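Structure record follows, encoded as C-alpha cells.
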Amino acid sequence: MKLDAIFISGRTVNQGVNLENKSSTAYFDAAGYCEMNSTDAGKISTDPGNNVKVTTDFGNVVVPMRICEGNPDGLIFIPMGPWANAVASPDTAGCGMPGFKGIPATVESTDEKAPTMPELMARLK
Amino acid sequence: MQTVTLVPKEQFKISIEAETITPDNFAGKSAQDIGAMIAYEGNTPRPLSELFDITVDGSADAADVKIEINGNVARVKRIGEAMSAGEIVINGDVDMRCGALMRGGSITITGYADSWVGREMRGGEITVKGNAGFYVGAGYRGEPCGMTGGKITVFGNVLDYVGEHLCGGEIIIKGNAGILPGISNKGGTIIIEGDTAMPGSEMTKGTIIVKGTVTEMMPVYQNEGTETVDGVEYTKYVGDVTVDGAGELFVK
Amino acid sequence: MSELLIKNAVVYDPINKVNGEKMDIAVKDGKIVDSIGNGADVIDAAGRLVYPGGVDAHTHIAGSKVNIGRIMRPDDSRLNNKPRTKITRPYTGYTVPNVYAMGYGYAEMGYTTAFEAAIPIMKARHTHEEFEEIPIIDKGGLTLFSSNWMVMDAIREDDLDRVAAYVAWGLEASRGWGVKIVNPGGGEAWGFGKNVAGLDDPVPNFEVTPRQIIRYLAEANEKLNLPHSIHLHCNNLGKPGNYTTTLETFDICKDIKPKRDRQAVHLTHIQFNAWGGNHWGDMESKGDVIAKYMNKNDHLTIDMGQLVFGSATTMTADGPVQYANAKLLKARWANGDVELEDASGVTPLSYHPESYIHGIMWAIGLELALLTEDPWKVLMTTDHPNGGPYVNYPDVVALLMSKKKREEAMAKIADLTFERTSIATIDRELDWYDIAIKTRAAHSKILGMVEYGKGHLGVGADADIAIYDLKPDETDATVEHEKVKAALRKAAYTIKGGEIVVKDGEITATPMGRTYWVKSTAPSDAHDRMMADLKLKFKNYYSVNFANYMVQDEYVHNPVIEECGYA
Amino acid sequence: MIIKDVICPFCGCLCDDLAVEVENNKVIDVKHACKIGAAKIRGHNRIEAPMMRESKTDEFREVSYDEAINEAAKIFVNSKRPLMYGWASGLCEMMKKGVLLAEEVGGILDNTASVCHGPSALGVQEKGIPTGTLGQFANRADVVIFWGCNPVQAHPRHMSRYSVFAKGFFTNRGRKDRKIVVVDVRKTDTAEMADEYVQVNPGEDYKLLAAFRAAVADKADVIPDTVAGVSKEKIVELAAAMKGAKYGIVYFGMGVTQTRCKYKNIDIAVSLTTDLNAYTKFSIIPMRGHYNVTGAGQVFAWETGYVNGIDMSRGAPYYNPGETCSNDMLMREELDSAFVIGGDAGAHFPAQSIAQMAKIPVIQVDPFHNPTTEMANIVIPVKVSGVELAGTAYRMDSVCLRMRKLVDVDFPSDEEVLDKILAKVKEIKGVS
C-alpha cells in the first residue's frame, strides 16, 4: 500500500554531531531514516525500525522508519544528507537552490535493505 | 539587405557567451570579420569561425541585417544582447539571456528559450514559438526595473517570475505561467492565456490578465466585481493593497 | 628604495605656503628630501600641476556598512567592471566598489590616504580585514562612541576621566584614530525605534542628553591629547529646519581649548544639516547662515557632504534617518544595530536634478564652501557614498573653480531650487591653492596627520605626490572646467611613498598602505573604574566574551601608532 | 591545560565561551559546547594522507602533497568551466586565496550558501534587511518568532545565549519576558517549547507572509478565511501581537529558503519586518548554518562585489544565481571539473547533481572523509580550521571573531594548499 506524501528534509542534532564523521554507522543512524506520524505509519502498516521506500520523480531510497507525532498527516521528513538527496529535486527554480522541501513523494513499506553512505554514493558513479 | 547565416559546428556542452551576435555588430561586416569576433566557451575565448559555419550575403545597416541561426544553440547565451535594430531568427532552442537589454529590432526563436529571455528589454519584439524558462522579461538581481518597453510573446509555457519588476512594455504568454507572474509589476501589461499561480504580488501599477485558471490567489487583492475585456468577462481585482497598489488583475 | 627627482613642477603645498611655485621635488627612501644625487630617476613635470597626495578625512570605504551595501547591490557591483590584468585585480562597483577598485580609484585620482568615517567597535575587525585588502592608500578609522552604554553611563555619573579611559580603550580595541559621534544618543533610542529630538532631549533609559555626550567626549578628546578632534554628525540630519540644531551644536565646544594646533570640533557633511523650512514643501537652504557662523568662529571645521546627481548608497550610523529615507522613497533598507554601541542603516537611492529638494541639497554643499571665506574651514567631501561616490570629486572641484560650470549644471536643475538657495548669486571661484587646501592640506591638518608627513610636500613628508596633466599657468580653470575634471580624474602620475603607482591614469604598482591608530592612556584609577564597569557589561549584556572582543595585531599588518594621553 | 574563551567551529552561533582541555597536543575535554560543537572539536576519522585515483571506482592510492597539488593544478589549467565550491568551513584568510585562484583559472566561485541561505541574499537584494547583532535581540526582544527554523536541533545553544532564555538589560527575566511563536510545517522540538505554534501548509509560506502584511496594514478585509492552512483570526491576532511588541525579532531558516517560492519568501518576510517598523521596532535575521558561511559571503562580497555563484570566466566577476550557482551548472551538465574545499557537496547536493560530478574530475580539500570523498579523484587533507588553525570567522549576525588554534598537527593548512596550487597553475601557464 503506497502513501502519497510531501517530503521535507532538515538538520538534526545527531546529523550535526556526525557532520565530520560521515563514513561512520553513527552518521547513518543520524541521517538515514524517515519520520512520519503514527496514522501514516498505520496506513502503510509498518512499525518503527522497519524499512520504507520513499520515491519521488527524482529517485528513491530505502531507510528505516521512525515515528514523529509532530508531523501532520502526509508529511515525511528525512534529515539532510545523502539519503534525503537521493529523492531531492535538482531543479534550482531559477535561483540556484535545489528542491529539498515540499517534494511530492510516495512511501511504502519494504524488505529491501537500507544503503550505507558509500553504497548510496556508489549508485551515482 | 544583409543576411548572415550561422550554423553551429558542434553540439556545445559548456555554455558559450556570444553577445557579439547582433545585427548592430554584424552590420556591414564580412564573413571573415564576423568569424574573427570572439565568443567565450567558459573561460576560453574562441573566434566565431571555430564555432559556426558563417555565410554572409550582402551588406547593410543594422536595421536591414537578418541573422539566421540554424541548429541547436541551446548552449549559446546572450544572443542579441543590447541589439538596437535588425532581425535574428533562431531555428531551434537558445540558451539564457537571449535579447537581454534589447532596444529595438526583433528576435524569433522557434524552439525553447532558456531563462532571462528579454531581460531588461527596452524596445523591440521577441517571439518564442516554444516554451521559455524563468524570468521572461524580468530584471537583473537588485534592479528596481526589469523590462521597460517592447513586446515579448511566448506561444508555449513559461516558468516562474515572468515579468518580474516590469516597468513597461507587454508580455503575452499563450500557454501556462509558473508561480508569481508579474511580481512587483510597476506599469507593464502581462496576458497569460493559460493557467498560473499567485499573480501580481506587490504590483503597484499595470495590468495582468489571466485567461486560464488562477490556481492560487494572493490574499492582498480587493475584489472590484466583474468587468469585460475584449468581450470576455473577468473578476477585476485591484492591489496589491500591502503596497497601496493600483494594479489591475483580471481573473476568470 | 629608489631615488626620484620631479623637475619643473608647479607646486601647491598650502601647509608650507607654496602657492604655484615652479620647483623640483627630491625623493629618497619614500620621503621628500632637499636634494639627491644625480643617479635618480627623473620625471619632468614640465610645468604641470603638482599636489601632495590626496587625503580624504571622511569616506565610507571599509567595514560592515560598506559590505552590506555591496551584498544588497549586485545592481551596483555590475557597474564599473574591469577584468583583471597582470597588475590589478578586477574592479567592480560604482557607489560600493570592491576593495580593489576602492584603492585603485583613489590612486587614479592622485589620492594616497583615506579615513573610514565610522567603525563600530564590536565590528572593527571587519573594517580592518577590508583595510588589509584595499591596495596602495594609507588608512585610518574613526571609532563610534556616540550611543555607547559605557560612555553614557560614565557621563550620567559625571566621571569625565572614566569617559576618557573608555575612549582610550575603545580606540585601541578598534585600532581607531579618532572619536566619531553620530546623532548622539539617537542610536540608543533607535534600539526601540525612537530617536532624540534635539540636543537637550534625554536618551531613554540612560538619562543623558546629546549635548552632554558631545561635551564630555570633546573634553575627554582633549584630555587624551588626541591628534584629531571629535568628528561630529549632528542630530536631526536630513530634516527640514535642522539648521537650528546645527548652530546650537556649533556652540557646544566654543570654549574648549584644543591641546593641539587644530579645531576643537569637526562637524561632518554639514550639507545634510543646513536645511531651513518646516517640511519638504517649504524646505530651503541655510548654507549662507552656516557660512556666516563659520566666518565669525575659529573653533570648528566642517566638511561639505556635497551631493552628486545619480546613484548613491547612503550609509550611516544614524539609523532613524536611513529608515525615514527608505520609507519615504520606498527604497531598499538595511538596518544594523550594534548591541550596547550604536545603530546603522544603509539605503540605496539616487539624486535627480529635476527634484528641487535634491537641487537644494546640491546647492547647499557648494554654498558652504564658497560663502565661508577661509578655505581651511570647509573640507571638500561627498561623505562617499552618501552624497555620491568619491570618483566624482573632480566634478565637485570643477564646480568650485568655475561659475560657468555651475551655470551649466544649474540649467538642468529644478527652478524652485534657485528661490530657496543663493547658489546662483555666488561668483566666487576657488583657485588651485584653495583646492589643494580642501582636498589634501586641511584634511591632513584636522586629522593631526601633518606631523606624519601627510597632505604636504615639505622636507621629511611622505613622498605621496600627485602630478596632473594640466598646466595651471596655461589653463583657465574658470572656463576649461572639462579639462580640469579630466586631468583630476586620471592623474598623470601618482607617487605613493616614493613609488610610482599610477602613470597616465593606469595603475602601475599596488603596494600595501599602512593603518594609523592611536594608543592613548588615561589615569590608572580612571582606567580601573572603567574596566570594572566594562567587565560587568560583558558579563551581563554583550553576546561575546571580553577576551574575544578587541582587534588583535594580526589584523593590522603595517601599523603606525600615535602614542598620547593625559599630560 | 585549559584554553578558555574558545570559539566553536560548527554552527552560525559561533559560541565563544568554550573551555577546551588539551594534554600533550590532544583535545581531551570540551566544556560549555553543545553536543555538535564538542564532537567537531574532539574530531574523529580524518584523512591521513593525500590520495588519488584515476577512476572514481578505483581504490585510492596514497601520494605526496606535491603530486596531488600538481595534478590538481593541471586539472584547473585544462578546465574551461571549473567549479570551486564550499569555503564555509574554512577561515576568511583562505577564502581570499580562493578568490585569487578563481580569477587565475577563470572558475565559478560558489559557497555552501547556495544550498542554504543563498536565497536570503537574493531577498536582501530585493528589499534590504532590518537586523542587528544577536546581543541586541538578547537585550531587547520580547516577541520572538522562529519561522521555518528549528534551533533546538540546528543551533542548540541559540536559545540560551541569544533568543529565548538569555537575560538582558531590558529582558532580565529571560524566558518570562518573551512571547515565543514558531511557524513551521510540522511541530518541531522548538515548536514544543513555544507559546504559540502556527502550522503552515508546505510551500505556502509566501501567501501567509502576504496575509500578515495585509493584517499589519489594517487591510484584513482582503484576507480569505484561511491562508496556507492558518485561520484569518489567528493571522489578525498574531499581527496585533507583533505590532504590540516592544522589540520583535524574526529568526528564519531552511524552512523558507528551500521551499516553494524560495528567495521570494525572504523578500516578503523582510517587507513584513519593514512594515512593522512603522509601529514598533522589528528585526529579522537568517539562522546561518556553517560557522563561517557568513564569512564566505562577506569575503566574497568585498573581494568581488557578490556573495556566491560568482563566474570569473570573463576576467571580471559575474553573478546570477539560477545561472551561476553550483547546482545550476551541474543540472546543465556544463562543468568540466569540480574543486570542493571547506564544504561537502556530496552530502548536501541532490543525487542527480552529484551524478554529474561523477562524470568530471573532482578535487577535495578537507580534513574529513565524507560523501564528497566518495566522488573525488584527488583528496588533499588539511588542518581543521578553528581547532588546528587560527583565523577569522563571521557569526550569523556578521560579527567577526578570531578563532584560536588549540592543537598542533603537521597537516598543511587549506590556505597553504591554495597557495601551492596557484603557484603551480601559474608555472604551468607560464605566467609570473
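Order of writing sets the chain letters: A, B, C and D. Residues in each chain are counted from 1.
In the analysis below, contacts are C-beta pairs under 8 Å (C-beta built on N, C-alpha and C of every residue); 3 or more make two chains touch, one makes a residue touch a chain.
Just so it is clear, the model here is predicted, and its values are computed rather than measured.
S.K.: Which chains contact both chain B and chain C?
M.R.: Output, common partners of chain B and chain C: D.
S.K.: Counting C-beta pairs in contact, does A-B beat A-D or the other way around?
M.R.: Pair with the higher count of C-beta contacts: A-D.
S.K.: How many Å are there between the centre of chain A and the centre of chain C, using C-alpha atoms for each centre?
M.R.: Centre separation, chain A to chain C: 56 Å.
S.K.: What's the distance between the Cα centroids of chain A and chain B, rounded to whole Å?
M.R.: 39
S.K.: Roughly how far is chain A from chain D, centre to centre by C-alpha average, rounded to an integer in Å?
M.R.: Computed value for the inter-centroid distance: 22 Å.
S.K.: How many angstrom lie between the CA centroids of chain B and chain D, rounded to a whole number?
M.R.: Each chain's C-alpha centroid was found; their separation is 34 Å.
S.K.: Return the residues of chain D touching two or more other chains; collapse runs of consecutive numbers into ranges.
M.R.: Touching at least two other chains: 122, 125-126, 260, 312, 314, 319, 321-322.
S.K.: When you check chain A against every other chain, which residues touch at least two of them?
M.R.: Answer for chain A, listing residues that touch two or more other chains: 93-94.
S.K.: Among the residues of chain C, which are close enough to touch at least two other chains?
M.R.: In chain C, residues 72-76, 78, 332 touch at least two other chains, as defined above.
S.K.: I'd like to see which chains touch which, written out pair by pair.
M.R.: Listed in label order, the chain pairs in contact are A-B, A-D, B-C, B-D, C-D.
S.K.: Show which residues of chain B lie in contact with chain D when the two form their complex.
M.R.: Residue positions touching the partner: 13-15, 17, 40-44, 75, 96-97, 115-116, 134-135, 140-142, 179-180, 183-184, 198, 201-202, 216-222, 239-242.
S.K.: Which bits of chain A are touching chain B when the two form their complex?
M.R.: 93-94
S.K.: Taking the complex as given, what residues does chain D use to touch chain A?
M.R.: Per the touch definition, chain D meets chain A at residues 10-11, 34-36, 39-40, 43-45, 56-57, 114-115, 118-119, 122, 150, 152-154, 156, 185-189, 191-192, 199, 202-203, 254-255, 257-260, 262-263, 289, 308-309, 321-322, 324-328, 330-331, 344, 346-355, 358, 367-371, 373-375.
S.K.: Could you list, by residue number, the parts of chain D that touch chain C in their complex?
M.R.: Per the touch definition, chain D meets chain C at residues 4-5, 7, 16-17, 92, 96, 100, 103, 121, 124-136, 138-140, 161-162, 167-170, 246-247, 274, 277-278, 280-281, 283, 297-299, 301-307, 312, 314-319, 390, 392, 394, 398-402, 431-432.
S.K.: Enumerate the contact residues on chain B facing chain A in the complex.
M.R.: So the residues of chain B touching chain A come out as 115, 133-135, 159-161.
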